[in-house]
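Take this structure first; my questions come after.
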Amino acid sequence: MRFKFPLLAIGLEVGMIVLFASFVQYEMHQDTHQRSNSTTAPDVDRFIELYPLFQDVHVMIFVGFGFLMTFLKKYGFSSVGINLLIAALGLQWGTLVQGILHSLGQKIHIGIKNMINADFSTATVLISFGAVLGKISPVQMLIMTIIEITIFAGNEHLVAEVFKASDIGASMTIHAFGAYFGLAVAGVLYRPGLRRGHDNEESVYHSDLFAMIGTLFLWIFWPSFNSAIADAGEKQYKAVVNTYFSLAACVLTAYAFSSLMGHRGKLDMVHIQNATLAGGVAVGTCADMEIHPCIAMIIGSVAGMVSVIGFKFLTPIFATKLRIQDTCGVHNLHGLPGVIGGLTGIVAVALGASDRSTPAMQAAALGSSIGTAAVGGLVTGLILKIPIWGQPSDENCYDDSVFWEVPRWREHGNHFHEHSGHNQLEPDL
Amino acid sequence: MRFKFPLLAIGLEVGMIVLFASFVQYEMHQDTHQRSNSTTAPDVDRFIELYPLFQDVHVMIFVGFGFLMTFLKKYGFSSVGINLLIAALGLQWGTLVQGILHSLGQKIHIGIKNMINADFSTATVLISFGAVLGKISPVQMLIMTIIEITIFAGNEHLVAEVFKASDIGASMTIHAFGAYFGLAVAGVLYRPGLRRGHDNEESVYHSDLFAMIGTLFLWIFWPSFNSAIADAGEKQYKAVVNTYFSLAACVLTAYAFSSLMGHRGKLDMVHIQNATLAGGVAVGTCADMEIHPCIAMIIGSVAGMVSVIGFKFLTPIFATKLRIQDTCGVHNLHGLPGVIGGLTGIVAVALGASDRSTPAMQAAALGSSIGTAAVGGLVTGLILKIPIWGQPSDENCYDDSVFWEVPRWREHGNHFHEHSGHNQLEPDL
Amino acid sequence: MRFKFPLLAIGLEVGMIVLFASFVQYEMHQDTHQRSNSTTAPDVDRFIELYPLFQDVHVMIFVGFGFLMTFLKKYGFSSVGINLLIAALGLQWGTLVQGILHSLGQKIHIGIKNMINADFSTATVLISFGAVLGKISPVQMLIMTIIEITIFAGNEHLVAEVFKASDIGASMTIHAFGAYFGLAVAGVLYRPGLRRGHDNEESVYHSDLFAMIGTLFLWIFWPSFNSAIADAGEKQYKAVVNTYFSLAACVLTAYAFSSLMGHRGKLDMVHIQNATLAGGVAVGTCADMEIHPCIAMIIGSVAGMVSVIGFKFLTPIFATKLRIQDTCGVHNLHGLPGVIGGLTGIVAVALGASDRSTPAMQAAALGSSIGTAAVGGLVTGLILKIPIWGQPSDENCYDDSVFWEVPRWREHGNHFHEHSGHNQLEPDL
């Protein structure tokens, strides 16, 4: 950590600047004199029109994902801090690789959709981050960010340009991809020493409330996520409405199944923080299609239910049988609901909800997203396993104090223990 | 709780889906080709134009109301969690009842204003939730949500369509209604055992900070709440400006009176969290009218002052003399300022600030809102009093651990007490 | 505190209302019938178009600045609470002084840009607040708000109308001004008794997480801050894009240098909370100019690096040698990066990135901003030093309980200590 991390971070940033200097340009068409001529160039005005949706997505990436992962009692700094770090790196790298793939040889012209897509590409890494949370180092996360976004952009290009499949809310290309990529990495980095759990792998009361900040901003702005790059007008409108009602329905079934499967009917914060969002993931692929709001609600209801069942039964099986330790349960929030999204997309297209794609192409997109993610994750995992990246030891997992100066936990009132300074204190003394 | 809650939640969601299938349709006019023709259909573009205001209101409902109620030391999970649950149910049910009342026999076409109004209808329940916070079960809240939104929609229809009264920011139909409905329920569910208070009915330092997240997002986005469904252009602009300045003025008087009435001039977090918002409530009815910004500031100043006085003197009287235990003091934040809003609306209309309504109709709207709320709340309270809904015992009030798996409170450093697991721990051992 | 604070607050609000009645009017051009005629009055629609950017700035002011300062373990109520108070006063006063300077003798017509500028003017005070956080009373802050915004508006008028300098994101007029004003006040109010630090001047684990809420919302919405009042179209677009990439680059260097300078390579929350934002400040002056995104990234990278170095080396020197105790390190977040912004603005104009200004005028603007701030801050500091404003004693610094009713810190589980009530408890017993 001493020099590897800072030198790698500086090196990456210098690289980004050089690549931006070589490949990136401003978009040229943002002229004010065109504003008054609304019949000829309707897309010109879309920068300021889409900017609020971009900002909603931006909040999801940095506050939503960041705080969602603060549920662990001693890993809040890393959750929200490394989230910021890899998203800031990822959006620069995502701008480049997506832009190069899209403009092939020409300059990349930065418009509002590039910025939204750059944020999207970071979401993939942040989802995978959830699977390995607490078990890997900042250096490993920087490496994973670069590799995963590259593979993501390749698969996304394949899905959108070659298969020409529909996936407006990216159930397949972001959520399923990010989840299975992360699970593959977690599988390669399996830690037998943690198979009975870890003292730090639990929440405290207020860390669960911090996590709810993340949950709520994700939940609120998910309609923007699913509609931000949709076609103006009817499709964008449908993507908002379908996501809004899918999420609302999802909340009801997530609460119901959390209680149904809980000890004496009690609700579990893990389910509430995560499964309530599954409806946004699952409706993603067909959000902008001519399904009916009630179908969106059915999709959301099923996703909420499946997600809770996944947390209850699949996560333990993954950890013990498949030797995949999925810290945040991303399989239940992004993996399964992403697959549901892909499958409902196939059915919706087969039933004529969209004339842009075919069921076969939708199936190819789903298969490609999962397959690419799994292979990419395995390879990435092997690279990250090389023992030079500062991976924490088993006993130091889920503990900020390995990478952060950590203050004492709180003022104890008359239990206050005087210490000599700020930096010497670590929470797990 | 064991089965009643999950079965009721699932049953309600199934019912919503069936009703949506029967009554709801997409709006048909969101065509892109109409976008270029701005003279004939100016409202077509309003989806994307109003979407940011909708999202502001959405943040208020889920983050604003949710975190505002996390001030209790052991009731944060329920505050933010049940808030999410009932808002998700309420927005579905609100879409239906408001739509059915409005379109009478025809299909409900979901546009951005339906979504804003659906969010609004949940606000009513969330306000009432504040009066009974900590004392009722999730099952009771689901029932209350269905009943209250039905009555709310009836009253709102009466006020807007029959009386044709002005109430753009819903001081009467949401705030006064929600407050008096909740107070009536709280009165029926009066708990003599809590007349001397309860150990759990207090904040801790960080719970008060969580509550400030709610306060600030409500404060910031209140201009959107009061203007979201206003007429495009001048009226919407006025609603924003008047609310902005009313809230700013309100902060000054709320702080001044909190200090004036405090012990040795000290400020009280309860006042800051709540009374600073009273200006948004009180200016609601006449926010879009031709009052002057300085009148908006006077309204806000008075509301901030009255709200603090209410917390100081009325809440204790309510609890002891009227036998109404108002956990969050919704009477001071929504009740009194809502009445101030209704009264200033009568005066403003009488003085010619709007030509859409008459003072008599404004007075009828205020009376109808309070009267319907009081009667509706009493009836609802009697239904909720039936002892089969899992209402917590007096000693279990204001305690998450009745309905939630609760982790230990925090890591103690070297005071750490080892326990055998996560679920067995409850904060009040 | 007993009567001075409430009477001053009420008096100020009464004064605001009287001044608003005398000087302020609604804008007259917000007519709906003009909406269809987009060729003649393109600015008419800008209210609803700029409203989302206004709300982003609004979130930065109240949530961003408010929570950023909650990092101190016992000063969260004051940080977020006094932030709200002075911002609410400041936006009223800012509306007046900026409007009077701009409309000279005529009525002030409130449009969306007035509201954005009013929020901006409060930012100046909130930055200065960071330098004196924990050491001055609410009465002193009210006085400082009035004086500082007056001087700020004068300097801003000079820079924009006399020098006609470019400073779209206000690196000079807000950030450098606010920082050096605050430092000058802090210098005059130097407390020798605190030269060895104070037990309260440190964070606890969760207070650092609360502060990250502020950091993230500032980071996310900074592109709105730097573009909100830019010319529609190309310039506004450039301001967003340049700020977006400057901030992303800044994160990488801030993390790298935090680790590089940390004990055993560990990251420091103080740097992450603050230095990650320096890129937004530093790119402010030339954000809307024809620089290249890669130049924005270089500016951001340098700012992140310089800011961390400032925290590490300059803040201790300021405290010991210059006798300026800068609680939040505003010199490193706003001062230095603001100067970087001003200097890059001179260079950018010299290189032809903008034809609106000259290098000499840019230099005059930078000098004027720093000079006016320093002199204004010294004078304000002398006024605040008069010992009648309730300034806390050295031992009561950084402690909410001087001005607030403070609850116990948390529930202790079986460590619970029964106390007789809420108000008698203070965290530092």
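By letter and in written order, the chains are A, B and C; residue numbering begins at 1 in each of them.
Please note the rule applied: a contact is a pair of C-beta atoms (placed from the backbone, for glycine too) under 8 Å apart; a residue touches a chain by one contact, two chains touch by 3 or more.
Just so we're on the same page, UniProt names per chain: A, B, C = Ammonium transporter Rh type A.
All values reported here derive from a predicted model rather than from experimental measurement.
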What's the fewest number of moves from subunit A to subunit C, given that each move must go to a chain touching the current one?
-> 1
Interface composition of copies subunit A and subunit B: same or different, split at half = different
Inter-centroid spacing, subunit B versus subunit A (mean Cα positions, whole Å) | 31
Send over the residues of subunit B in touch with two or more other chains.
-> 38, 52, 206, 213, 408-410, 412, 415, 427
In the complex, subunit B touches subunit A at residues 1-3, 5-7, 9-10, 12-13, 16-18, 20-21, 24-27, 30-32, 34-36, 38, 47-48, 51-52, 55, 58-59, 62-63, 66-67, 70, 76-77, 80-81, 84-85, 88-89, 91-92, 110, 115, 138, 206, 210, 213, 403-415, 422-423, 427
Can you name the residues of subunit B that touch subunit C in the complex?
-> 38-39, 42, 49, 52-53, 56, 73-74, 202-206, 208-209, 212-213, 216-217, 219-221, 224, 231-234, 236-238, 240-241, 244-245, 247-249, 251-253, 255-257, 259-260, 262-269, 272, 276, 290, 292-294, 297-298, 301, 408-410, 412, 415, 417, 427-429
